[in-house]
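Per-chain numbering from 1; labels A, B, C, D and E assigned in written order.
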């Protein structure tokens, strides 16, 4: 129980179309993450699933039942909001029990479910506190607890961690991952944080201006981005994109050298991640350049190499590097890891 | 011109001591970064240098001159604020010219300096706009431009990039680095973002509760943290810390194996970064554990290994990994890269 | 602890500069407020212990009027000297006047007067209360008309000292005795409390209802919101008279309407009958001030995180449940603050009742009493005593208020 | 020079007339007169306040009730008034009017005009039912029985609004009719219980035949004008309005607000009698020019003299229907002003001499009232005490309590006597 | 209770209540507009309302039909409103059409949200809330508009028209400019021109003086650190709580003694002091909300504190200053007590004082109401024109009454 099916779902605000026809099936028990730049419609889509926004066109099915027009309460979903949206005047216990109370559940059942959730989330010491007396992470846990007690068909999360500080974010991320493992419920998670998306998702949906740019596992997205948008959006620092021409089984960078090319289609752009570039002597590899900036990060250094007409290329050196600014280097790309894109920005494969 | 000297500087708010005696000399032309957790006093310290907060005790010298009691206007410093703090009722041009105007500079000079700054920062097309009609990055540039025109002894930056989105932040970071290279002025920069601190700084000052935890170059901080606070604060994901005992030239992890130890002092903790751990067969290396979580990030994967009594240890695998959750592995630490800390959390070296 | 002992005590130069500037900026306000608020408050306490009527405000002064009267051998300069007070004597009265060259004295001066060159001086040891006498100097003049002009154009100077009841040290408790005397006080207090409590609660409840109506966005919402603020924004005198005319028992539309609809057979005297008048002024108060509560409650409502309601939607709460379990608890803070503030303001209210009923027909509140005592009956002391009572009540309220408000959201 | 002149005649038309006279005075003497309207209800407070502040006007046009209290409070310059009267000739004034304001050796203020209160009744209805004119308590009560038929017809519209002077006036009128007075030549004299009870019962009877609520001159006139009241007590100022000569107070008995129809249906009674006082009495009021203590005395005196002499007809013409001349003429022509007055047209928006509107016998009745005009304390020389008693509104209040059924008649009398005895 | 939550039953209830409201408002509105005796008829309200509620649920067509039925029944003499003028066919049909449309249309609109049959708790409550909302709008609009309507209309009538039929507010347009007679007289004979000018001058001066005092004060309280700052910001509220009547008495005495009573100068002296605490309170709230960093940027740019206030804080606070000015203007314009106590001479009256003097004698009522309109119109015009600032001003400062 917990499959969700979106069929040509659209959302219009007046004349503006915000969600532009989305077809998506979400499998039972899946952890699905929506990512995309700000304003691309992630929250809107999630809220449409939850019933907080109405669906302008298209249908939504939960467990095979059309729920397009149903109010939120009838969809059996639970939502965790970015700002937690706890009831500030109620104790933690009451916050978690509220949904059950309004549904008129018997006292004993409420008690049992709330206690169970509190235990799972290690909230027992705080049950009598008000939300304002909790830390950010604890509040987030209460928000999750409030969802759990209702045994929902699926959980909806809207950037649940973005109000937490970095360290806490890592910790809560691990907890959510564990929660998913133990509950095995369907979870739909919105974030704009790549790390969260990559580490949590079974599948990631990348949205671009209300359309799906790509759906796939994190590895698919990283290794085989379907278009330049995904290619640049996923991965940090982002993938280097260079113009190229292809001819006769070989590609050639504009203004530099090239390599072999075994696709039939004509690619005009080549993408290579900073990880997949090796530095060598000038004249070796695909192109030459001058070291423009070295960013030392401890575990890695990123060397930004100015390759003239080819552009500025970011190269990762695991650990430190001995290079100096102004040094000339040659860059060679790992042939297996190259991505090629055609003039529409679509992957050529 | 641009050396700044802090001598036993303290700051009290009523009975609360926020800055606890800081001695620091900032060299001319240096790029100095204050980092530290939220509330540790970074902004306060910066504002004391700028003259926006008074110095409760101690002295501040700029270019060898005591300016402790001087108002901001007399210190010849420029500041770039987190919220940009542009004058909303003035055009970009006026914003930049304002400081010169109040100083009574001749028209021609104002015009020249503002034009030069606008050119440097590529702000020329926007000179007649109001701040509200600019994007975040442009606003930030105006704020910097406003500082530049005044030819200040030193620049003070208080988390100037934290209101920008990730992509823009990277770009502006590069611009600030270049600016420093071209102006060669003293710059003092507050941030809580490690990446900014590591990549920009000539020297980093790590603050902890109003005290200096360590001052040094990024590499010193990363490779030889002086205490556990710095060790854990710098580097992401953070350094693994484990309890250990030392005896007769050898260390032993509590509940696991150990290795050689060539210091005389008694260390009780050992620190090793996720980068410096290799995974092998069970029984090899310093300890064994079970893979608890794998976080795939594309370029790297982080494997969290549950080592029982030793704790959960984070290991970096460059690129992907073939491990599965639940698999047993042995971890071996890179002997050169270990840090040892005594019972006060201070480095033993 | 060690640290605290170590705290620097001397003010830094910067702090000192700031402090000086602050006091400089505040000085004009401080002085004016002191003059117009603090000083009057002190004065009112002083006056409340004095047996003083409106007319006593005029300090006893000698008044002198000079005229050239009569003609020929009856020609005389008359100084009419009076004591302005009928209860206090004036001592050491001295008249000084210039005797014009155009006239010559015909008779020797009376004893109390002396002439030095042309300067005429008369002194009196004591003018009895109500003293009113003429001092006559028979004179001759060549041109009587011209002389009259000249004589009367020079004003005689008069000085004298008298006890001023405002500043002397005569005190009495009579004013307070009068205030607390009899059933009058109890009834006034009762009326005040009724008016205050029901006026405040009514305005809150009605305001809450109005805020609920407008807490959604629809076209025309802005217009309605503006409209609902009219009662508060319009001058009180305009709306009070409109109400009086609307509810006039003889030619008011309200009565005509009620009679026509068959609700009542006889005209109702809304502002003239006990206890209806009190209810009506309270209703007026509610009508006039619900916009304020409405404005505040609406502002608070719109600042409530809408995600909370969405969470409740997900939790399956019904509209009334949302109102009762979520909105009301969220509004409790602003409601109690509003209640306290409005309570105090309603307690202080004067204009409305004064204009509607003048305090008649059982609508006399403490504030109206101040006016009645001090001006209608001209007993300023008694009025001040009532004012002191009001002030003491307010001090009590305010103490309570600050106790309470410090825990509530700051206003 | 300039004078400040407070007047209670504050309707714009009347104000205009006074300003006209001020202008004439200025033309004559070069002295500016600023005519300042003050509403009658505020006059007492305002005068006291101005006295306290030392900025009294020069001349105040005021009613009888203030003359002596103000003289005593030092607000009035009685010497100046006495001198004016002497200059104009004491014998040109109606002696009663002078006597009413007698103060020490002179006169507190200069009498200007006067009128008497009247019972205005619907002659047509009285005739229809064969009722006698309401000249006595008994006649009124008899008429109430016949005519009271609310809400279309109220027998009476009595005064019940405690804080209105109107109620004091009406009550005093009714008390005087039965010969009851709270003052004697020795000062306060307790109200006679039996006589007062008669008065109270009579008053209760007319209040019961009145509409509910706080009533005063306004409702009386409105209801009478709309044809919903059979009797009211009013001043002669109503006479022009009755005839539809004033748009701001039109008769609404028929659709034509300018019709004199109601006037022709109306009768008046000035001399009213109770069971214990068969001769009856009329409540009269005289108005005065008071010269104040802060006045520019000579100029003020000139102004008053002017108003009472060359300007007197102008003064009376403000509202001839309610301003009967108190100064009858000059020493040369002893009836000069009376004659001029009779010819003055009344009305505001339309004009006509009174004689054209009412039958001569009614005019005689109206004017004759001044001969029997009375006030508490006038005969006894205790006007000032009586004024204080009236101003204290004790009688109004207690009577209202009695009317509301809060106290019995006997208790009411006792309460009044008790409280009044403390007035000094 | 659950059983009763069926759409049909709920609709009948809504029909009853709403039909009653519809009949009442139609009757009142038409009475006020024409002066004729319209009144709601309870019997037909109960019958018609219940039937309408019952039929309306079925479909839009049924709703239309029941509306028509109600209107026709009305014309036949069984209307929910008894027509004031049953003889006039046009008015009569208009009346019944109007009342039936409001009654049935409203009932339909209120109940249409819910499906037929048994209602869930949500749906039931939704209907009730819609009913309450509709009644709320009618109620509030009525109580707010009626007094103002009466005020304006009365000013156009004359005494006899008013006394004859207090309900008749229809305008006799044939009078043309004669309708404005009261206004003309007020300006011609009653000095309202002067009062208006006085009020204007006094209010505007009050605004300026208040700002001149309160801006520096508010800035100091909001931004500068000095000992006593906390106590100070609290006592501002305290001053707020001293009743005017308590102060008025000593002020009256002092003004009497110093000769300031009865002078416009005295009024201008005293009004700002009553508004300074309010303005101070409002402005300091606003200043606190201004980003401190902008001012600090000014300091870094070499300005002194005072220059920062003048060149940065003030331009940034213009909206707040506008709000405060409007609010202070309103207080000064509407002020009555002090003007009433301190002013005697008509040449010095403010508008409110002038209106008070209209009440005191036999001056006709339409003059009084015309005066009220003259005083109300400017403040209303300001309010409507600058609603945003005004509302802000009210919210920020006007816990005061």
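Keep in mind that, in the parts below, a contact is a pair of C-beta atoms (placed from the backbone, for glycine too) under 8 Å apart; a residue touches a chain by one contact, two chains touch by 3 or more.
Here the structure is a predicted model, which is why all the values come from computation and not from measurement.
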Listing by label each chain that touches chain B and chain C gives A, E
Of all chain pairs, the one with the highest number of C-beta contacts is C-E
Judged by C-alpha centres, the chain sitting nearest the middle of the protein is E
If chain centres are mean C-alpha positions, then the most distant from chain C is chain A
Max Cα-centre separation from chain E goes to chain B
Rounded to the nearest Å, the gap between Cα centres of chain D and chain E is 42
Rounded to the nearest Å, the gap between Cα centres of chain C and chain D is 33
Distance between the CA centroids of chain A and chain C (whole Å) is 67
In whole angstrom, the CA-centroid distance of chain A from chain D equals 94
Expected list for chain B, residues touching two or more other chains, is 51, 71
Where chain E touches two or more other chains simultaneously, the residues are 122, 163, 256-257
Expected list for chain D, residues touching two or more other chains, is 49, 52-54, 222
Each pair of chains that touches is included here, namely A-B, A-C, B-C, B-E, C-D, C-E, D-E
Note: in the complex, chain C contacts chain B through residues 3-4, 6-8, 12-15, 17
The chain E residues in contact with chain B across the complex are 291, 293-294, 296-304, 307, 312, 315-316
The chain A residues in contact with chain C across the complex are 47, 50-52, 71-73, 77-79, 81-83, 85-90, 98-99, 102-103, 146, 150
Listed in rising order, chain C residues that touch chain E in their complex are 15, 18-19, 21-23, 25-26, 28-30, 32-33, 35-37, 39-41, 43-44, 47, 57, 166, 209-210, 212-213, 222, 224-239, 241-243, 245-246, 248, 250-253, 255-257, 260-262, 287, 289, 292, 295-296, 299, 318-320, 338, 341-342, 344-351, 354-355, 367, 370-371, 374-375, 380, 383-384, 387, 390-391, 394, 397-398, 401-402, 411
Residue set of chain E touching chain C in the complex reads 27-28, 31-32, 37-40, 121-122, 125-126, 129, 133, 136-137, 140-141, 143-148, 150-151, 154, 162-163, 165-167, 169, 212-214, 216-217, 219-221, 224-227, 229, 232, 234, 237-239, 241-247, 249-251, 253-254, 256-257, 270, 272-274, 276-277, 280, 305-306, 330, 333-334, 336-337, 341, 351-352, 355-356, 359, 365, 368-369, 371-373, 375-376, 379-380, 383-384, 387, 390-391, 394-395, 398-401
